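So, here's a batch of structures to check.
Common to both upcoming complexes is subunit A, partnered first by subunit B, then by subunit C.
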Partner chain A sequence: MPFNQKLQKFNAKINTVTIGSGDKTVTIGGDSTYPFYSFDAPSENAPKIGVEISDMGLENIVSEGIKAYYDGASTIGEMAKKAAAMEGADFVALILEGGDPNGVNKSVDELIAVVKEVADAIDAPLVVEGCKNVEKDAELLPKVAEALQGRNVLILSEKEENYKAIGAAAGLAYDQIVGAESAVDINLAKQLNVVTTQLGVNAQKIVMNIGSAAAGYGYEYVVSTMDRIKGAALSQNDNMLQMPIITPVSAETWGVKEATASEKDMPEWGPEEERGIDMEVMTAAADLAAGSDAVILRHPEAVAAISRMIKALA
Partner chain B sequence: MFKVTFSFEDGSVVEAFANAGDNLLEVARGANVAIDAPCSGNGACGKCRVQLKSGELESKKTLHISDEEYQEGWRLACCSKISADVNVLVPDIASAYKSRMKVADLSSKEEIAIFENAKRDVELAGIELKNSLEVVDVTMDPPSLDDTMPDNERLTRALRKYLNISRVRIPYAVLKKLPDVLRESNFSVKCVIRATSDDMFVYDIFGKDEDVVIGGLAIDIGTTTVSAVLINMENGEILAKSSAGNGQIRFGADVINRIVESQKPGGQQKLQDAVIKETINPMISEMCKSAKFPKNRIYRMCVASNTTMNHLFAGINSDPLRTEPYIPAFFKTNSLFASDVGIDINKDAHIIMAPNIGSYVGGDITAGTLVSQIWNRPEFSLFIDLGTNGELVFGNSDFMMSCACSAGPAFEGGDISCGMRATDGAIEACTIDKETMEPTYKIVGDPGTKPVGLCGSGIIDVISELYICGIINPKGKFIREGKRIKHDKYGMGSYVLAFEEEAGSVKDVEITEVDIDNFIRAKGAIFSAIRTMLTSLDFDVSMIDDVYVAGGIGSGINMQNAVNIGMFPDIPIEKFHYIGNSSLTGAYLMLLSTPAEKKTYELASNMTYMELSTVPIYMDEFVGACFIPHTDTGMFPTVMEEIQNR
Partner chain C sequence: MALNGIQIFKLTPKKNCKECGCPTCMAFSMKVAQGAMKIEQCPHMSDEALASLSEATAPPMKTIKIGTGDGEFTLGGETVLFRHEKTFVSKPRYAVALCTCMDDATVEAKLAEIPKVDYDRIGERMYAELVYVNCGEGADAAKYTALVEKAAGLGRTLVLDCKDPEIAKAALAVCKDSKPVLNGADASNYEAMNAVATEAGVVLGVSGKDLNELYDTTAALEKLGNKNLVLDTTGADIKETFANTVQVRRAALKDQDRTFGYPSIVNLVKIARGDLHLQAALASMFTMKYGSIIVMEQMTYAEALPLYGLRQNVYTDPQKPMKVEPGIYPLNGADENSVVVTTVDFALTYFVVSGELERSGVPLNLVINDAGGLSVLTSWAAGKFSGNSISSYIKENVEPKVKSRKLIIPGKVAVLKGDLEAKLPGWEIIVGPREAVQLVKFLKDLQADGQI
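After this line comes the complex of A and B, so read on.
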């Protein structure tokens, strides 16, 4: 009997969200298949890659490869240009880690200056990530949304604790895209989308960050959650879970011991640079296979590898 | 030594002495002053507030007391140390849980009807309402110089002849009064006996003219509330009814805290005393006084309670219940007598225990299952007992499954800042105007009683109304502003039901975002347990024919509102039935009827216990249910419609 392929068709699809303005924009989502199931239907928009830079410059960067790539860039604006020009990059992600009150605790004004410098230096689509402290982000991210009016940037992240401040500023007042971050749980992800849309934010202007982990660090929860979110969005047509998913990878992977332990301490593990890249590539590849529509990376080699993977599979 | 004076709002005072550095809450406990401290006194719940009237206290500042309140002298008892002579006011809300023991006269028809219906239902199910206690008339020949048999043998022979039973036991209490009673009544007596096929036990003896009623005591020992009925064992008539807060509350709000407390030196005795000497014995005294019934004529008792409570009641080590593999000392036992545990009734009285099924599904549930009659129908029914632990039984005449989930004390008003049991001053029902956000409520007590707090049914109504009126979002956070919406300096919102001046308390009666959050978790635990149990059987909520709701949440529970907040599944409202305190009713039936007692043992051994913590989907279901009404609104179509219509 000849093989007769049955296509898995869904009457629902992931929302399409376009980040950026002018000539350079990037569009994610739009598929009505499971990730890379191009045999069921061609992909509308292949997954995208963002390159992450920090307001702290290269201060917290351990990787020699990343440092070498940005060699010669003396300002954050120049770093942003190099990031935008990286082979395989679709957009730039600026993380404002210096704002953390438990860290350097930069003032909101200082950080807004950094945001403006980056935005002025590039015309690539931009994602801005907060400092991860919910109170500080509630103060900082509405200002970021205001400063970047008209650029249609994605603001990461609005959480359950500060959704009113960030959702209202980014989603309503300044018409940016709201990144809704939850903690690796399908119900919590949906609940945040529900309350955000009840604020009046357009569901088509929400992107989810459902939370992530480095591969090997409870990562199976991430896979299961993404998988079930895609399942509910497509098979149950759950419009509160049809937002595309973006996953910041580097912030997780460059902090684990596989990336930070030196070769001197762990000779049997091999060179740390290679390990750091491997962690980033493995985690990002798994995120994309599980359902992420975009990933945020740092190392040029990781970006190149993931870019090749997307081209081969999408 | 310093003098500590506790003043109450009614003007009474209690004095105690303490050393410098002693914890005020401990001093209060030592002096038998009831201050509610559900968190066991570690500063987490903020309920043990007292007001400093004079003197000094060394108090840590906490989040629970605002600067303004601190200025007014408000302190948390658990965070205060004695440093001088001091006088503190214990406000009503802090002692409300002790809730002035309530002895109900039997005017309430509904109360009586519950017991009458239960009796009728078990009889219809073919269970005979009879027990082994009876009063028999015995006449003996008086002794003479020719007939020198001692009194006890004389009685034994007469009884043997009467009932044709070989073995007759006469306890010391009867022996002691035997010579006098026999002679006073000229050897014509009444005996209270328990007769089985080959054994007879003589509880008591009276002259033949004495009017003897055999008393029985059925009691439900809840983690938060204890209730009891005194009955006539011959016909089941209820002579008195009583309820009171469980005296163990001051040692922690939930069973785990109680078990932990019982492991401290002398703890087991303290907890047993708290429930028996401080709670049950005073209830017995009050009931006997109101019914003019002698305590020592109560010859049998039946206890229905959760596994931890019956272990603590019996004074048996309960620690193994708490630690893996969670093994109780007994499921069922016949070995308990009144004198063993110091219950103030006839000391030879036998104590029947409703059987446990597991560490977290106890006798209260087996007794309740007996009452719900889900075992007697082919249709599928769900029985829910809303207590500090929520327990469920699902099934029909062919099978029964049970499980327990930890709902916390919220249904009985615990863990809620203005929460209280359904006693005088509790708001038990409420509606809110969508436009003005003004509340209208019903208060427990005589007309004109001022609101003091909220009981379980009131909390359900308030949250349902706040949600339907769009005042809170599905997460329980306030999204509208107005005169009745307040925010504290940390931004936490609250809704004021009664401002201080309209309330019968020292502060506003309000519900805060934290209260709502606690309640959402309690209702989420119940709903997710229902879903998990049904899903594991491959059942859907639409297959439930009847839902029987029991528990101390209050007879006024509005089922529609309970569905609105997502506590119960969205099925037609006429399928829900409130069956009152089924644990007490079940204890009553087991007490009155030996066949009912046997039936309960049989039900217990036929129930399958499902441990939710080992079911992987439970956690997922729980998070999904911690949203009003549910993350998946598709499960609550009528609620969504109601919101549209309001």
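After this line comes the complex of A and C, so read on.
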């Protein structure tokens, strides 16, 4: 008696969202199965990988491999070109970390100049991440949305505290894609989608960042939140949770001590470069296994490895 | 198939004798259905009813034990596909692969490498628990047994990959007392392998060219009376392996197909040979989705640190928060004169805070006391992170060891400042930032001002 294979079919699917304009676009979402369950139903779009660059250039980068990859790029525009050309890259993510008032506190004008330089340098699909400070992002990201009109970029991200300013500017005034960021909780994620659509933003133009963590750092919340969101989106057809999920991985993984502690301080741990890559690779793989439709990474080897994994599973 | 209370009630004697401690047979049946009582607690059940019920209430996935002593591990026994539905129970175990096809120098290097990764993370020992010994093509019993003996010298539990019953028998003769797994049964040899495994008293691994063959072979082995099995779900490539592993687990737990109710073996060496970063990605993926024994080419700190952290996270019980041990944790080369910082014992808080503290580079003593494993505000609201609990811990455990009399408390419990000043005479209480991410700047500013 052979195995009685029972497929798990859902009559609902994750929204498809296309980022970018012109010839170079990238589409995420669209599947009606749990991640990589292509034996249940064919996958419409494989998960995508973004390569992250910062307005601070390589200043906060510790990895020798990342520095070496951008060797010779003297401007942010040249860095963006190299990021777009990275093997396995589907889009470029520009993080404006220099805008943080608790950090370098660059002015909005200064950052918009960076954004424009990057946008002019590449025609690859673009994601722009704010500085994480809710007040500054509320001021900065609407200006980013305005500056990039017509490019159909993903703006990461609005939060509960500033969704009116960012959601309205990105989603309504300048017709970009709105990234909705919540803190690893299904109810908060749904609530933000609900209020954003109540502003008038098209639900089909929202991508969620449900929050993230490095492997080992409370990652169980990420797993269960994503499991529950995918479950509700597919089995209960909850259209306020059917937005695709994007997860910025590198910002979490390159800050933990497993990646940053030098070999001098922790000789038994071995080279920090390898530890950083594996932390990024393993966290990204776990994010994809749980339900991320796109991940944002930094290291060329991590991008290549995750790209190989996605190709092998798709 | 889980039975509901009514179905169980139909099988009870319906005497309402109360001997089980419940007022009625109906009440008893409801408790059995919820798992609160066992069916055997009814003294009047007929044997037939018991047999049919124990079959029906048996867990959908078997719990398989491998190894002995410190090297004994429990695999399987899962009841849910997603951790939020209840909890995962048996962690995946990682195996480093050896093969008769490797030259001696490679084998020696691997054997020297494996014990190097061995550390503690939140009370759990992290190391490669298993060694996978592959019998490559053309190896004879002497060669394979020699490798198995070498591997056994490490003291780790072994998984033998060998499809030849004679060679397997010879290898088991030298290691069967440590209860290894014999991964070697398939459609062509399962009867002979079953005899070898049962005689040695070890768990038998089953494989098949596809899910149907795996299913039939497993069913055939069960028919021979062997239910001490693990299923090698490794397929021809990555995609097939993932599909097999998910479908086997799903058939067992969701569709109650007990033939697939066994733990799995996923051999990453076969599907991603030589590509260590891809193996890292897949190890993570199969830790999330349904690998029980995961075989890799190597386990260095680079792989271990994220992977064991991930496993520890995914296998925590959602109803029990992860806690760190109370104590004084000196950071950045702190000594007895370094400033004291305190926060709660909730593992997530501890990791985020200690990470930021380390990033600041400022030497300090992080003091953790028992706050019930809750976050700062929650434990404060529950009275477990209060002026009393902090001050008594500081007096008993910190004052004898640390000379500094400066204490930084989380900004979210700034209200405790006055209380602590009253209860800890001689201490200067400094209110820290509300969020961990602000700690680096905060500490650097304090240092620049000469305050710490």
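What we mean here is this: the second predicted complex is superposed on the first by the 314 of 314 C-alpha atoms of A that agree within 3 Å, B and C clash if a C-alpha of one lies under 4 Å from a C-alpha of the other, contacts with A are read in each partner's own complex, and residues count from 1 in each chain.
Here, a residue touches a chain if its C-beta (ideal position, glycine included) is under 8 Å from a C-beta of that chain, and two chains touch if they have at least 3 such contacts.
Worth saying up front: this structure is predicted, and the values here are computed from it rather than measured.
> Touching A:290, do we find subunit B (first), subunit C (second), both, or neither?
It touches subunit C, and subunit B stays clear.
> So, does A:101 touch the first partner subunit B, the second partner subunit C, both, or neither?
Neither partner.
> I'd like to know which partner A:268 touches here: subunit B for first, subunit C for second, both or neither.
It touches subunit C, and subunit B stays clear.
> Using the superposition on chain A described above, determine whether A:160 touches subunit B (first), subunit C (second), both, or neither.
first
> Applying the touch criterion given at the start, work out whether A:191 contacts subunit B, subunit C, both or neither, answering first, second, both or neither.
first
> Mind working out whether A:220 is in touch with subunit B, subunit C, both or neither, as first, second, both or neither?
The second partner, subunit C, only.
> Which chain, subunit B or subunit C, is in touch with more residues of subunit A?
Of subunit B and subunit C, the partner in contact with more residues of subunit A is C.
> By the touch definition above, which subunit A residues appear in both interfaces, subunit B in one complex and subunit C in the other?
none
> Going by the contact rule set out above, which residues of subunit A touch subunit C in the complex?
1-6, 8, 36-39, 102-103, 214-221, 223-224, 227-228, 231, 253, 255-258, 260, 268-271, 274-275, 277-279, 281-286, 288-290, 301-302, 304-306, 308-309, 312-314
> Under the touch definition given earlier, write down the residues of subunit C that touch subunit A in their complex.
82-84, 116, 121, 211-212, 214-216, 219, 237-239, 242-243, 246-247, 250-251, 254-255, 257, 259-260, 275, 277-278, 280-285, 287-289, 300-303, 305-310, 312-314, 316, 318, 347-348, 351-352, 355, 358-359, 437-438, 441
> What does subunit A use to touch subunit B in their complex?
Against subunit B, the touching part of subunit A is residues 160, 185-188, 190-191, 194-195, 198.
> Along subunit B, where are the residues that touch subunit A in the complex?
Those residues of subunit B that touch subunit A are 473-475, 477, 479, 620, 623-624, 626-627, 631.
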